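One chain, chain A, links the two complexes that follow: it is found with chain B in the first and with chain C in the second.
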Partner chain A sequence: MAPENKIDKEKMVVVEGSYAVAHATKVCRPNVISAYPITPQTHIVEDLSQFMADGEIPNCEYINVESEFSALSALVGASAAGARCYSATTSQGLELMHEVLFNISGMRLPVVMTIANRAVSAPISIWNDHQDAISQRDTGWLQLYAENTQEISDMTAQAFKISEDKDILMPSMVCMDGFILSHVYEPIVLLEQDLTDEFLPAFEPEHVLDPKNPMSFGAFADPNYYTEFRYLQEQAMQKSLKKIEDVANEFYDVYGRYYGGLIDEYRTDDADIIIMAMGSIIGTIKDVIDKLRDRNVKVGLLKVRSFRPFPVEAIKGALKDAKVVVVLDKNISLGLNEGALFTETKSSLYNTKLDMPIIGYMVGHGGRDIKVDLIEKIVDDAKEVIKTGITIESQFTDLKEELL
Partner chain B sequence: MKSLLAPGHRGCAGCCDAMAAKFTLMGAGEDCIVINPTGCLEVMTTPFPETAWDVPWIHSLFENAAAVGSGIEAALKALGKKGNTKVVVMGGDGATLDIGMRSISGAFERGHDLTYVCIDNEAYMNTGVQRSGATPFSASTTTSPAGKVSFGNDRPKKNMPAIMVAHGAPYVATTSIGYPKDMINKVKKAVDIEGPTYIHAHAPCTTGWGFDTSKTVEVAKMAVQTGLWPLYEVEEGEVTKVRKIGKNVKPVEDYLKMQRRFSHLFKMEGGLEEIAKIQALADKNIEVYGL
Partner chain C sequence: MKILPGGVCEAGTTRINKTGGWRTFKPVYDYEKCIKCKLCELLCPDSSINPRDDGFFEFDYDFCKGCGICANECPKDAIDMVLEEK
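Entry: the complex of A and B
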């Protein structure tokens, strides 16, 4: 059973989402931060730079690199040398890091990076969707998505703990919706230093670049060896499923706050219709659900916190009694006319005894607002599907016909 | 002196990169961390689960060794482990002059305390002798082949040491594996200087250039003796030392004749004019550096 979330109102302060992340990073005691500015991630790195300028992050070096490619590359070296490492980026910056993303996960370096999710170019757009991170889903990074600024703050500390676990050693992307969360001011409880020290021990790597005990990192592997490296990476991903749950609970024990483990459920107990989504849209969906429940529409929400690893079992469990599943995606896999969450959910239910219709909607691309009436309309569609079956499996919605 | 690069690696017989790595380590000493981008040296020294390196070594990607080095240096500082440990990058000419340029420029501009050694075998050897920004004028490579209407690579070498001087590096030097003592001493000097230092080592590749495996050092010396590869040091922007050739200066023809990559120049119509252009490049070096 999910523990009850105890937010201490006395301790609440109103801060910007980016500040919450920067503050959380600071109290996690990073040793090396390396980042390159890009909207809407900029406030995070500016806040961290100010902390550095004020001497508030001890034993830390901040590298002002010349590109995102070097930002992450510097962390390859720093993490291998034993440092706790942090970066933040989004969109074009994340795509520029692509090659290094594989490199970091392949070398099992537990770097943590905030992604202030943003659409990718062309056309250029600085506003939010999830295409940037989703495009990197196979790079071997954990991907956690936050609903609000309290969660993104707390997820940051959780990510270090998960990534640095000796059984895991996989890097994490902690995803927050650009602008919607990065630039919003909300009342939250900032992570306290003493509690964080209790929750998150110092990073103690087993393998480091050390002249007293020379080791080679990143050797080349011929076909006799390469497969096993990939297998072990996948094993670590599978182990992280439990670790993410455990760390969410450990976090609760120390701070009294909980947002779900791999997933979270809202009013799903007797739901005929279950809506699935990730990120800040969750708040809007919850409101719509409350409204529809008042009208006796049996609708619930499945929030996906962890997209990588993909929580197949948890999702199967949560969906088992639904009559129809609706998946909302802020991304598209071009050529399949589907969003990634939709594809993954469908494939998770195949080969099981579960057999309910699943319909997908691609929403909110390039920052288009996802409004309450849109979600209500989608729920109406879902009701139709229960009655008459699927006519369209996956679709764009809210298109402006006059532009097409 | 103990070699920190173990024998038994998989370099070609007479491999220049192996010599360059060995000399670099002799100069840098045991207390160093090596960063090595993709290229012959990386591939031939670390076939998992073996490694030829007796110092901590990391390979990341083709284009980011200097950035990885920046991170290592920053981490050592943050963790209070910097001590006397030297951070040394060894990159090929492709990794250095071409694809890694941005990350090198960034690392030098930021002033990290590291030494970057470019091992310049004048082409992408690891992928099969394709041209790079360091391939000399009129050399035939697999992507700049000599042909009916081509004398091979139609551009002169990019002047990387000058670019590094322009970055304000406190120490920039050229060297050659044909002069081991010169190379070892320059590396020793570079690693002891605080800040980003750069060494450009000329390294003839038996396989890519086409000469007998016993002739690597001889060919290397010849590049210096013709004036095509001047050896000099630049400290705080000023040329402080030059290795003189004096009366022993050799015609470039003698150097070109030793190598298959220039053999077309001796057969094709107009080849002699091309050789004259190469001679002019050497003459210019002799004049500029007072060789």
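Entry: the complex of A and C
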């Protein structure tokens, strides 16, 4: 049973999501920050620059760079030298980092990076969907998705702790929905310095670049060795499944706030229809569920916090009593006509005794609002599937026919 | 090569990973033409050309990939790239 969330109303302040992330990063005491501003991540970088200028982040260096590729490249060296490293980016910036993402995860450097999710070009769009981070799902980075600004703030501290664990040493992307979370002002409790110091001790790297004790990071590996490196990376990913749960509980012990471990469930106890999604859309879905529950529609929500590693067992457990599963994706795997969460949920349930229909909807591309009546319509479709037993193919929804 | 926890390995792995097996052409060195200018040693990307005490050079065929940079840069054409018989 999930612990009760205790939020101290007296400590609440109204801040912008980006400020919450920048503040969380500050109290995590990073040693090197390197990031290049890009909408909608810019405010995070601006706030961090301001903290640096005001001398509020001691023992830290901010490296100014000319692109995202350089930002992450600078952190390869810094992290290998034993520094706690942070960056932030989005969309095209993340795509520009693509090559270095593999280097960081392959060299097992526990860098933490905030992604203010945004659609990818072309056509150019600065608004939110999850295509940028999803496109990087196989780079070996952990991917955690936050529902609101309180969670993104707290998730930043959790990500450092997960990544820097000696058994894991894999980098993390902490994903927040661009604009919807990054530019919104919400009342939250900022991370306190003393509690964070207790929760997240100083980074003690297992291996560092040191001329006195030479070591090869990212060595050349011929076919005799490469497979074993990849196997060890996957092992670390599998170990992080438990670590993410543990860290969520440790965070609760220190701060009294809990958002679920790998997944979180909302009113799923007797639900026939379970809606799965990630990110800020969760809040809207919860409102719809409350409304539909008043009308005796048995619907629940499964929030996926960790997309990488993909919590196969947790999802199987949560879905076992559902009659139909609806997956909402703010991304598409082009050529498959499916969203990533839908595909992976479906493959997780294959070869199990769970064979309920799964319906995939691709919604909210390029920042299109996902409204309450759209989710209600989707739930109506799901009710129809239960009644007729005929499942629906994965599809785009909310299309404007007049533009096609 | 030993993989340590966290996916790093001990230093000096380039001595273990022998890259000489990929070669199609191999450099053959003519002592008579060599003026000991050291360009070949300096430019070899695999550090597989080593100086000897007498100022001439030795080719380490365990690591030479046969790229031919040494032959191309040698001012006296003292190095020939010849097709390697397997």
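The definition used in the following text is that the second predicted complex is superposed on the first by the 402 of 404 C-alpha atoms of A that agree within 3 Å, B and C clash if a C-alpha of one lies under 4 Å from a C-alpha of the other, contacts with A are read in each partner's own complex, and residues count from 1 in each chain.
Just so we're on the same page, a contact is a pair of C-beta atoms (placed from the backbone, for glycine too) under 8 Å apart; a residue touches a chain by one contact, two chains touch by 3 or more.
As the structure is a computational prediction, the values presented were derived from the model and not from experiment.
Touch criterion not met for A:Met12: it reaches neither chain B nor chain C. Contacts of A:Asn103 after superposition: chain B is touched, whereas chain C is not reached. In the superposition on chain A, A:Val254 makes contact with neither chain B nor chain C. In the superposition on chain A, A:Ala219 contacts both chain B and chain C.
In the overlay built on the shared chain, the residue A:Leu232 is in contact with chain C alone; chain B does not reach it. With both complexes placed on chain A, chain A has more residues touched by B than by the other of chain B and chain C. After overlaying the two complexes on the shared chain, residue contacts for A:His207 are found with chain C alone; chain B is out of touch. Judged by the touch definition given at the top, the superposed model places A:Ile126 against neither chain B nor chain C.
In the superposition on chain A, chain A positions 107, 214-217, 219-222, 225 are in contact with chain B in one complex as well as with chain C in the other. Chain B meets chain A in the complex at residues 30-33, 35, 42-43, 46-51, 53-61, 63-64, 66-81, 85, 102-103, 105-107, 109-110.
Taken together, the chain A residues at the contact with chain B in this complex read 31-32, 34, 59-61, 63-67, 69-70, 73-83, 85, 99-100, 103, 107, 209-211, 213-222, 225. For chain A in complex with chain C, the residues that touch the partner chain are 106-108, 166, 169, 206-207, 214-217, 219-222, 225, 228-229, 232-233, 236.
Put simply, chain C touches chain A in their complex at residues 1, 3-14, 17, 19.
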